[in-house]
Amino acid sequence: MNERILEAENLEIRRFFALDSRAYEEGALPVNTKELLGLVASLVLRCDDCITYHLVRCVEEGYTDAELLEACSVGLIVGGSIVIPHLRRAIATLDELRAETSPDVS
Amino acid sequence: MNERILEAENLEIRRFFALDSRAYEEGALPVNTKELLGLVASLVLRCDDCITYHLVRCVEEGYTDAELLEACSVGLIVGGSIVIPHLRRAIATLDELRAETSPDVS
Amino acid sequence: MNERILEAENLEIRRFFALDSRAYEEGALPVNTKELLGLVASLVLRCDDCITYHLVRCVEEGYTDAELLEACSVGLIVGGSIVIPHLRRAIATLDELRAETSPDVS
Amino acid sequence: MNERILEAENLEIRRFFALDSRAYEEGALPVNTKELLGLVASLVLRCDDCITYHLVRCVEEGYTDAELLEACSVGLIVGGSIVIPHLRRAIATLDELRAETSPDVS
Amino acid sequence: MNERILEAENLEIRRFFALDSRAYEEGALPVNTKELLGLVASLVLRCDDCITYHLVRCVEEGYTDAELLEACSVGLIVGGSIVIPHLRRAIATLDELRAETSPDVS
Amino acid sequence: MNERILEAENLEIRRFFALDSRAYEEGALPVNTKELLGLVASLVLRCDDCITYHLVRCVEEGYTDAELLEACSVGLIVGGSIVIPHLRRAIATLDELRAETSPDVS
């Protein structure tokens, strides 16, 4: 779908997407901190797709469940109970991500 | 799903959930008024899951359709036309809740 | 200022203002419940002017501080810590409203 | 579903729906400009149903893809990356609308 | 103040500001339509500084009061009564802008 | 003012304040990371008082301007141009905080 958007004949949209990618690259702050910022910003703004995206990236960056839940607790307290349905889905997504990557123990 | 969250090893999230439950208990205001506040707050913040939750509780508390629609009209006017898709789903949910609880007339 | 808006040559704005006034009149729900709904909706949407307006009306409707703080606690828990600066100003406004209306005890 | 809402015994909701329809009729501004305003307002407030509604109307009003993408780029830059999932769905909807109305070339 | 921000040693912020300026330049849509989109987006997101900025630009682009009020009425109906304090300030700003630019009739 | 709120006879509000303080204490994540999360969450939700509070704390935690601007750039790109007035005030606040704490060079 990103490809479809990038094909679109609109230069500002393409530039915004480039800028959005650049924002999470290594800089004064490390990549993993930036992804955690993206996760909590997505949680308080209540965007499931954005939460899932940053959760996948945070797992790739090596955060533990305890760290991710703690970041989510900050988002929950800042954003209030209206965040709860998104938090539930975030935890379900996290469980799936861990299941996919866990070693086969059979 | 709440159980999964409550199992989660994060004390702040568990405390927030406890506080969220406590907020709707009898106090200076009666329970039914507090649930109506929860419904309208959920409507203007446009959270379908939250609206459904408070709508179920408001029906349990004995509100009539006329009272619930009037509360929703306050939410609609405060929150604007952007609330309309959520209002539609709320009315569909209310119809289902009434159908479930209506006496068998066959 | 409302007069300036109502003078404005725009029929939809005038009609919206009429509808907004009508929404808080007696109906299936009593006036005081509707004002409390307006207060909590304004709090979670974080609009100081709207909070002040409904707080004045709620005091006129005879709510006690305990009742108003409890309604605000619902708004705080739904809306999260981002609501705190508005809650602070609401409590300061409530203190002023009580000071204005309290009997002279000198 | 609008019919179900309009049947509802609540005068304020019916009046709001009438006002909402009136807002997009010809006035000082032409209908097509008003629909474009509705589209961008819906995009920055991140309401998929509202975006789809105004996108359908904008296509009916004869806007080209280049014009609609440019309006969306304003919404994206005002509203930020949190708008991206809604922009993706808007572009997919636009593709479907164009496919439905394009001449059969087989 | 923009200068202070542009001096800041952060490339993403500077790029975002460049993109934000570019978004309102002539393209598939004329400049005046884009400024009106910016005005209504700012109104429904309830940002006074943004509203003032786009109002100044809309007056420069030659819109009449009737046209600007009609655009604002779309924003009011989409965004609801929570928009009213911002609409009041917008109308006061518009009055000031017209007073500044009106010919001396003494 | 917090004292006034904590004196208030409402247990839920006092508990929320306690939970809000606890959320930024050392845990699975270090304090400085949590404060940065609070800053970006406040920026995307556009709350000046909250931004100032977390900016003060972030400076106390030893972040450099380059790090804070980079965190702000994530907030700007997630939240869009509507965040700009708050970003401006944040940078002005940061300049003041640095001026207060810089050694006297006269």
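In order of appearance the chains are A, B, C, D, E and F, and numbering begins at 1 in each one.
By our rule, a residue touches a chain if its C-beta (ideal position, glycine included) is under 8 Å from a C-beta of that chain, and two chains touch if they have at least 3 such contacts.
For clarity, every value in this text was computed on a predicted model and none was experimentally measured.
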Required minimum of steps from chain B to chain F, each step between chains that touch: 1
Both-way neighbours, i.e. chains that touch chain D and touch chain C: A, B, E, F
Quick one: which chain's Cα centre is the longest way from chain F's? D
Check D-E against C-F and say which one is joined by more contacting C-beta pairs. D-E
Cα centroid separation between chain C and chain E, in whole Å? 28
Cα centroid separation between chain A and chain E, in whole Å? 32
At least two other chains touched by the same residue of chain D: list those residues. 12, 16, 19-20, 23, 41-42, 44-45, 50, 66, 69-70, 73, 76-79, 81-82
Contact residues on chain D for chain B in the complex? 1-2, 4-5, 8-10, 12-13, 16-17, 20, 41-42, 45, 47, 49-50
Per the touch rule, the chain C residues reaching chain B in their complex are 19-20, 23-24, 27-29, 33-34, 36-38, 40-42, 44-45, 50, 64, 66-67, 69-71, 73-75, 77-79
Under the definition above, what is the set of chain F residues touching chain B in their complex? 12, 15-16, 19, 22-23
Give the list of chain B residues in touch with chain E in this complex. 44, 76-83
Considering only the defined contacts, which chain F positions touch chain E in the complex? 46, 65-66, 69-70, 72-73, 76-77, 81-82, 84-85, 87-88, 91-92, 95
